[in-house]
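Before anything else, here's the structure in question.
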């Protein structure tokens, strides 16, 4: 019966057509943040980008050429990844099971507070504390020696492990807080359904909880990676910044604030951003392969 | 929720708790060394300092006019947290709920400030802010700090919002809640754990944001981190104890907020809590 | 050019310290404010790490909105500012508003003034180092020459430590003092004239565990007993012992035939300042260079001795200074200062090159 | 502005359509609903009932057609501006609010005074028999209790149009009857207009002024309950309305609306719903109620009992004819499985459609 | 070890209890279920049906009593080790898996080979009439479609015990009947044991071997369907089983099980379900089906018609007696609202309880 009558509404209103493309009152909410960044960030960013292509001497790409031809500079990328990736992976790997335990606790607040505590410490306190605590005269080695487990102090500061520990201490609470909140956002009915259908705890985790957590974990991974990748003060204070923990920020910092070569510093910063962007985009792409959406299991 | 009781599961649980305990013990010991040191006269290769004093706090307090600095720090941090929450959560909502052309580009725009170190854009950003007349003022510092925090909130919040069943939102709309009241009465309470987590981290990051704050702060808008970094990095002699005292002041500044926040909001979500009571009761 | 006119109503000043100089001069500056209420209404002090300051000034100057009026700095930010043209040229343009510097400065301080390239005025000066600092109960045979130092380090691996020169006064002084000790061809040319120095440092590097990025961390290790010996300066010898970071018993020793490599703090004025304020600042500088005010710079030995101008005996210093120096000071210093040559440090651009070479060729090498 | 305050005369769906990708969940649905009407939407699972309600509520954008209230086009209006009430199929309760807060939500959004809210919420709680449960969170309620909260939340705002998506599906028979009566009473009392999705024919028949039968996103028939029950227009509507028995045969005689069809060895008659002539293939459709075991005759069909179920005062069985057709029948007593019986179809109630 | 592999003879609930805070959702529920039995759990909304299923499935800890399979205590076992299948009242589908993956989940957990999984999932899809929907995510399905996925997911693993919580509540009548038949067929075919929660009496009566009626967390009656339908033990069970009419009066005569009660001016008789003697207060309970409009006599009650509803082949009305009691009755024709009628109650079907 509808076939014969001519369609009157085949032209939808502009508003409806926009809505079908996903643009409506809700979409507009993104505007304030976009406008803010356009106003305050984009110009400085482009300035920095252009600056990186206008080196103190040499052609447009001189800074980049210099960076990639000098192992003293390009090695920093690997050094940094060698810190940031393990730290991020370990933080997530620790945060997940702990979040799963904490979620079951009835009095979770105290534990959560303690676990999250390190975010308040600041890099300086952590650096000072670790230098002191893990240092050759610190309580850690002293205790182990007292217990007779070692006979001379462990070397845990001013090397890779010092920076590593401080990144874990400051990075873990961050990942934990996010993970805990993402974990508890999943409808417990789904886990129950999985269990009833025979899934063991590992299988429930693997097939039901993890896939639902991936979007959140991906973001937590990216943010904590980005944070670890930009490590600076603790690499300086706790590491051996001339060698094993000469991270890329140090190179950028030295270019900017010791050699006052802002152009080179911008180039290094751009390289940093590119490396991170590559990893972040890869992670977010993986995230998009997974289900994203409500983690409610049904009605009610 | 389901609890496991097999041997393997018990081992696993024990392992998790052992790790947690190891982490906490070392963490608390580490904090304790700093606190103890900040109250010590001298502490040279022994279990405890030779004597006790509070002078490091008094000298730091006077040297850096900490009462002013702390007030400014609180004001700035509070403003940044509030504004990034406002801008970030709304934008995250749009990004979580809608697919629209250009979304990828916008996501890139939100990613960049987190990826690009402030060295690159800090100086031109400060220039822009000074040109606009806000450089060196309270608002200059706030605006500069918002550059990385707004994107941060957006990224953290997107998965939280995606977790919420859109039907619940639909119900709120049908019953007359416009976007604003939808946020106020439905989304906010459900997102509270996420918002708490995001804002807490924003707070911490803002308190810690040295470069952007330093570059845009005037004589009266310096925050604590500038003083702290000065005491650590400035040339000249400085006693470790006095750095430790500054570090403790810094910690307390953020710790207060953490405690307040966790006092009022549980980072676990309401849905889970209601259902958890069910199995725990 | 004549004297600038002083303002008719008092101005507010913001002084940024990036060198820790206020510890030496803040009292004097406050004295000025108290003495000249007709010129200054208020002085605020800002403390900042040195490296970032030029960036901040650049941003302000690019936007034409300056809110820092005077910078107290070491040679690092001084030269960065010179490089980037941040400072107002003071000499001889405003000589009329300042005392006769050549006449009042101690001779080495006047040489240090040259590093300011007419854009900075020395406010405090000290001969610095290099000196060896060690724990007497653990170092029985104290090296007296550079070679003995190397030998000692070899015998006691990881017990000798010095900090990264770019971040450490003592480290830098050691680096710049070595060419004199080793008899290098041109102590002012780290590229061509330091062959012995570089070879020496590379050899020494084998026995050094790592390089702290700051003298504070270094002194802590010495104090705790993790290390036995390091390089130091007069200020770094006295002040940490006053503060309790290093035990009072720590001892210092000179190496035979060493030259002091001096250090100084400067007063610089960023471009973009109003003439009125500049006039007040010049007046303030003059005030700070009077012997009465210079006497404050003895402090607690932080920049020992401290005064840049002549004829400021310790007895003029405040009582606390005198007490601290009586307990922790060293009689030998007067003698050593009198009997060893005092050199100015490297030119800033040469210094950057030296740092970079050190980073890459000494510290960057895998042991 | 909420429409709640502006009463209307008519709601009109004009070729309303909705596609999900290539799948048309609603196709050109046109319907006029008068103020005060109680409309039941009926149709098989997945036919587009919820989609239709969601479009009317403004929760799903239509991809074609328009929705009008009187002459005002409303499909461009945001849901919160339409001022309707809705019971969601999945309840969609606010998990962080107590039962009381859930129910009071719409009133709060309408800025009703606190005291008034409390009063009306309390009334609504009584209405849905949830006295004393007001302080609980939805997660602490049983399925049926949650559903009742959803009902209370929708009607407490006394909306001019109420949309209900299977609101009673999780309630027991007794409560369902009571709630059904309450819903109708409130509908009458408020003079509201109601669109009610149900899968329960009984509910549709007893509650609705008109029933709309959907299938594959299209309206198949609209009519008063007795029309649909007794005079379905299409075989599929008939099937859906409970004409579970379908016997295919050839028309042997046509006498006005009365048609006889030969099915196997039997000749069955019924009322024609399509225009048929002798020789046409036709389907005789009959409800289980209208098929009873009887004596062998030319109007009865022989079949073998396959299942027999207790249904309270009677039995319902299935039996298979020699042609392999399954018939559902009612019987006052049980019958032995595997026994042969003769089934008679009440010609007054059987319908005949073209095949 | 999954119990699925070990068939059992009996499941026994021994004083199973569950409290939520101070609220006892289940109180001392004791029941023996034989292998192969089909048990229906019936009871008003909120009476504890879902709680009971959840306890049996191991999703809720019991707070008292035990659950045994043969003589093995299983209430300490984890849900995944019980090897049951379950259809959740709220479906609890995995939102990130397609329909096919959802259904195949249990098989995958049992490490069934991929090809076998595919085959059985395909069969299950056909069974629940979701051919061609296998690739969709639950969020893209209608309510009824989701419910069918939940059913398929539970039965595809062919568990020894299947728990179903109102599995058909969101399906239309036609599909419900079909699915009901399938569920029973599968039950028989697998020789499985089934515990089936429903609010639909018809379903319970036709499917179950035994029906368990719960109320406020307690078992009120257990019996075969006809017991419950015809011989409820308690007035509340009777009410729940559809005895909607309750007339209070005094016993005037007792003749074996046959009791007469004077109600207002009428004398009604029925079968006694409690031991009664002349003069006792008593309640006559009758289904709406058994109350019909008739002639004035001493066995009929006068009442004024208040509502009348179309119900397909007949009408259902309510009428109020002079004493103010409401009666529900069936009538072949409609009746004028407000008119007086005489209602007769079939004595063979009326029950009499002590008041």
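Going in written order, the chains are labelled A, B, C, D and E, and every chain counts its residues from 1.
Just so it is clear, contacts are C-beta pairs under 8 Å (C-beta built on N, C-alpha and C of every residue); 3 or more make two chains touch, one makes a residue touch a chain.
No experiment lies behind these values; they were computed from the predicted model shown.
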Could you give the fewest steps needed to travel from chain C to chain D through chains in contact? 2
Joint neighbours (chain B and chain E) are A, D
Using the touch rule from the top, work out which pair, A-C or A-B, shares more C-beta pairs. A-B
Remotest chain, chain D as reference, centres from CA atoms: C
Taking the mean of the C-alpha atoms as each chain's centre, how many Å separate chain B from chain D? 54
Just how far, in Å, is the C-alpha centre of chain E from the one of chain D? 21
Interchain centroid distance [CA atoms averaged], chain A/chain E, Å: 53
Please work out the Cα centroid separation of chain C and chain E, and write it as a whole number of Å. 91
Could you pull out the residues of chain E that touch at least 2 other chains? 20, 59, 78-79, 89-90, 143
Junction residues of chain C, two or more chains touched: 52, 55, 214, 220, 224-226
Where does chain A touch two or more other chains at once, residue-wise? 25, 137, 187, 189, 192, 195, 201, 204, 237, 253, 256, 262, 293-296, 298-300
Which chain D residues qualify as touching chain B in the complex? 2, 4, 54, 57-59, 78-86, 88, 90, 92-97, 105-106, 108-110, 137-140, 153, 157
Quick one: in the complex, what on chain C touches chain A? 51-52, 54-55, 80, 83-84, 164, 166, 209-214, 217, 220-221, 224-226, 352, 355-356, 359-360, 363-364, 366
Note: in the complex, chain B contacts chain C through residues 41-42, 44-45, 50, 64, 122-124, 126-131, 133, 135-136, 211, 214-216, 218-220, 222, 226-227, 229-230, 232-243
Can you name the residues of chain A that touch chain D in the complex? 2, 5, 7-10, 12-13, 15-16, 19-20, 25, 298-300
State the interface residues of chain D toward chain A in the complex, per the touch definition above. 14-15, 27-28, 30, 61-66, 75-76, 78, 88-93, 138, 143, 146
